[in-house]
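Note that subunit A is present in both complexes that follow, paired respectively with subunit B and with subunit C.
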Partner chain A sequence: MVTPVLQIEDLAVEFTTPEGVLRAVDGVSYSVDAGETLAVVGETGSGKSVTVLAALGLLDAGRIVSGRVMFDGLDLLRLPDKKLRRLLGSNLTMVFQNPMSALNPVMTVGRQVAETLVVHDRKLTNKGARGRAIELLALVGVPQPDVRFNQYPHEFSGGMCQRVVIAMAIANNPRVIIADEPTTAVDVTVQAQLLDLLQVAREETGAGVVLITHDLGVVAEVADRVAVMYAGRVVETAPVRNIFRAPQHPYTVGLLSCLPRLDSTVEELVPIPGSPANLLIRSPGCAFQPRCGLSADRDICTSDRPELAAAAADSAAAGSWAACHFADETTAWSAREHLVREPS
Partner chain B sequence: MTTAAKESSAAAPVIRRATVRRKFLGSAPGVAGAIVLLILVLVAVFAPLIAPFDPLERAGKALQGPSAQNWFGTDELGRDLFSRLVYGTRLSLETAAGAALLACAVGLPLGVLSGYLGGWIDAIVMRVTDFVLAVPGILFALVLIAILGSGIINLILAIGIGAIPAFIRLSRASTLGLKEREYVLAARSMGASKADIMARTIAPNTMGPIIVQIIVTASVAILAAAALSFIGLGTPPPAPSWGGMLQTSRSFLYQQIWYAILPGVALAITIAALDGVGRGLQTALGTKTTGRAKVGGMG
Partner chain C sequence: MGSYVIRRFLQFIPVVILASIAVWAIVYAVPGSPAAALAGENATPETVAAIEERLGLNRPVIVQYFTWIGQAIHLDFGNSAINGQPVMEQLSSRIPASLQLALFAMVIGLVLAFPMGVVAAVKPRSIATKVINLYQAVALAVPTFWVGILLIIGLSVKNQVFPAISNYVSIWSDPIGAIRNTLLPALCLGIYISGIIARFITASLRDALGQDYVRTARAKGVPEGAVISRHAMRNAMLPTVTIVGLMIGEFLGGTVVTEVVFSYPGLGRMIYSGITARDYPIIQAAVLFTILAFLVINLLVDVLYAFLDPRVRLS
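Moving on to the complex of A and B:
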């Protein structure tokens, strides 16, 4: 068993709003191993981004209620600001959703890359940083990196900007790269290139990658493992194969059934009924229950909150963990409702 | 690059150097103002070469009209008016640049600090700002000069300090918007400290409106300096200040009308040039909000 490079344990984050206290992240635990890509999926507002921002101490508004974020034997949540800053940008880096706005518009692209190098290696000379930055730009596929070095972000396309952001993320050989919807804001054609690039970056650095996305197509392409989040909790975590073959949580089933697939004969997409859970109302039971087709109003779903439990070792879902009282019924139920299609 | 331009305009208003230049050159008041201002700066810099006489020495009979020797005539002590006006340009521009840069150098960092850190720092800075703004600018400068004494340095201090609040307000407002930008979060995720972020990420991004404010402050400073000199609190005689010349000329309106007109014309040209440059910049930087640039007396 490899020890994970980043381990989030029982993280809970609350926001105080005029309507009351909102628990955006409610006891989230997941971990990522070196060289592994963990995809975190879920709807908008499920707490995917807040979890990582809180983990890296980048959250301004919310309050971290509980939890630990272990990196290299250190709890990031309890690390002094200065020590945490030394890890950020070197050992732990982030790639953001909108590449056009993640770069400083008034500083040349090259200088921004060079600066991430200099900040974490004060001995580096300007000339050395420039050389290394040009190498990095070349590595991420920016053509004519020595010319592009002196250009400003507005002279770059969205995809090129994201390449620069990835160059900055891998500049200091990170051990964890957190990519928050890195391909959402770019064209599909560029999307595939960027995903390849992230894979290259992972292989170059041997880092563990946390890939936050709501695009299951992206998940299928690059993830090794998947954590599905709903209403601030991880409801299912499984190897990527299991997620598509044998989803254990009704919510995962719901996500899959509204995804168009080329390898299936079913024409109809089935949306998940209802709307995302209101985080201001905390029910004692399962947050997905009001929208769940499997629950069928069974009492335990509204009274007890299900914890993550392992699927039977001899089932198709061996290795999956799901937070559902009736996870063992999910496969039969989804087959009956024609929600998950076996490839034809 | 068309797609890039489209995407970036959707994402955030960014300052593009080439576009700024093109837009500025397309603005008539901007170009005219810039040309006149450039000439004025050259006159100020090369005043000793341009002025035919020493501005403080006798150069002919007193209160003469324009002649071949004294182009604009002479004042009550027989000093050459053209030479005095030329040196006056130097004084005016020095005061303008000094006051505007002082106000910017103090106001911009305070505004960024106040906006980014918030809390008690913000509260203190804003209350002091409110206090300074509550006092009319010219009165504020009067009080400061009364305390500090007259002279060009004190004039710059008095006008500059009064202009600080505008810079604080402006940079603070920009900072409040900028700190929510993704690139600030990105910089933090790269391990940048608060000081790094304020100095390298936020401050450079506030420069658009700040540059316009520098120009506006410069023209306000020239008018204020003239006003203060007019009431005898600016640069003390015999310095060839435009305001001082206007003041003295009042007694000799019937003998030498040019004595009164020319400093006024010089002031008007300078202010108009600065106003033009300011408007051109507003157009170019996209900071223009409504019709006219606010240029006028202090208070």
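Moving on to the complex of A and C:
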């Protein structure tokens, strides 16, 4: 059995806002194995970014209320700042959503890549770092890397900037790469190339990859496992084929029905009814209940918060975990719903 | 870069022409004729006419302007209307005095402002920041002449550490003497501008620290000190350079109040006594120099800005 390379356990993060205390992350647990890609999906505001930023100590506002983030036998949340900083950029690296603003506008691209190498290897000379940085730029597909080394981010396109960010993320042979919507802000035509690059990086380094994305098409293509987040909680986690074949949480079903499918006769996309949960109001029950078609106003949904539970080993969803009181009804319910949705 | 500077210099020409006209017209902005003002209240018409003749004020306006500008180009601003000394002679002794005061003040201002600005940005909720905010409020609210008078009373009159009347002693010929004479007025100005500059540094550094590239630097494992100095500070310097440049430009034109309080022989006091005596050749020359200095400093700031920010294209 593989032990996870990064394990987030029961993480909770709060922000104090003028309207009150907002619990953006509410007891999130997920883990990623070496060499595996875990996709984290969920609509905007569900806490995907805050979870990983908090895990790496990169949150500049907010308060971590509880949890552990285990890496290499260490709890990152209780590590002194200096020690944590030494792990960042070497063992644990990040790729951010907006590549144009993720690079320092007044520093050459090459120096920024070289810096990643130098801060983790004091013995490296400037010349050595420059050579390695140029190699890395070439590796991620930046043309004419020795010329590009001396250029500034504004001379790069968004896709090229993201390649540079990926170069920095793989520079020191990371064991975990966290990519927060790495392709959202770039041109559609380069999205696939960047995803390929991440896949190659994963294979080369053997790192575990946490890929945060909105795009279920991307999930289908690159993920091994999926964690679905809703209102600051993981509501379902499952191997990728289960997610598409036998989703166990009504919210996952909702996400899938938003996805246009080439092989389906459904012509309309069905958006999830209702609006995203208000994180300021914490109900004792399931946060998805007000929008849930399966709940049918059953009392337990509003009174008890469902915890992640494993699907039956003999079912189609074996290996899935879902946080729903009626997860065992989901398959039948969604089949029924699909009949209703078929164009008449 | 070179062609950019040349182009910017060419852009100066219309500005300088307009400025010179305005400066020259100062003479006519004075109510009544300048000659009458110079001659005093009980002067006979003959005396006034004689002064007009001597100063060339009876010639056509256009001729007067071109005569003046023609001489000004050759750095000849005529003679003082009061004591008949060449204006350029006074100007050339006042400019280094004001320059030295301006640079002293700026060094003091920056040395005070930098640590305050950084601490207030990095640790916004600390007690140190509360103290810094208080200092800034006081530095900005208290008039410089009042600080000057306090400094004179405390350090010159009571303790005689510093002279109460500051002479201009060049830093090159007598560094100790220069510091003794320039420190108090420079402190006075430095304290004032430190409040403004610190606020600029705090605001722009705080802004920079919230940017994505700072998060990237942290995620790369860059130690926090280097994140601030190498990544955030360099970006935060951009707006700060502008305000510091504007202030130096302003100081070069002389700092009237401070120079008067300390009897410092700079451009500011020259303008002040020129105005009180209606010695308009002096005023014209000093104001024209101020404008030129301001333009040159602005150009330097733009060049420095372009040097700090690669996104600004100089071509």
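The criterion applied here is as follows: the second predicted complex is superposed on the first by the 338 of 344 C-alpha atoms of A that agree within 3 Å, B and C clash if a C-alpha of one lies under 4 Å from a C-alpha of the other, contacts with A are read in each partner's own complex, and residues count from 1 in each chain.
Methods note: a contact is a pair of C-beta atoms (placed from the backbone, for glycine too) under 8 Å apart; a residue touches a chain by one contact, two chains touch by 3 or more.
Keep in mind that this is a model prediction, so the values were computed, not measured.
In the model built by aligning both structures on subunit A, subunit B clashes with subunit C. In the superposed model, A:157 makes contact with subunit B only, not with subunit C.
Touch criterion not met for A:296: it reaches neither subunit B nor subunit C.
In the superposed model, A:310 lies in contact with neither subunit B nor subunit C. Of 2-10, 20-28, 38-46 or 272-280, the subunit C stretch that intrudes into subunit B once chain A is superposed is 2-10 (criterion: clashing C-alpha atoms). Subunit A residues in contact with subunit B (one complex) as well as with subunit C (other complex) are 56, 58, 85-90, 93-94, 96, 98, 101-107, 115-116, 119-120, 152, 154, 165, 168. Looking at the complex, you find that subunit C touches subunit A at residues 209-213, 215-224, 226, 230-231, 234-235, 308-311. Those residues of subunit A whose C-beta lies close enough to touch subunit B in the complex are 56, 58, 85-90, 93-94, 96-98, 100-107, 115-116, 119-120, 152-158, 165, 168. Listed in rising order, the residues of subunit B touching subunit A in the complex are 1, 3-5, 7-8, 11-12, 14-17, 181-183, 185-193, 196, 200-201, 204-205, 207.
Contacts from subunit A toward subunit C in the complex involve residues 56, 58, 60, 81-82, 85-90, 93-94, 96, 98, 101-107, 115-116, 119-120, 152, 154, 165, 168.
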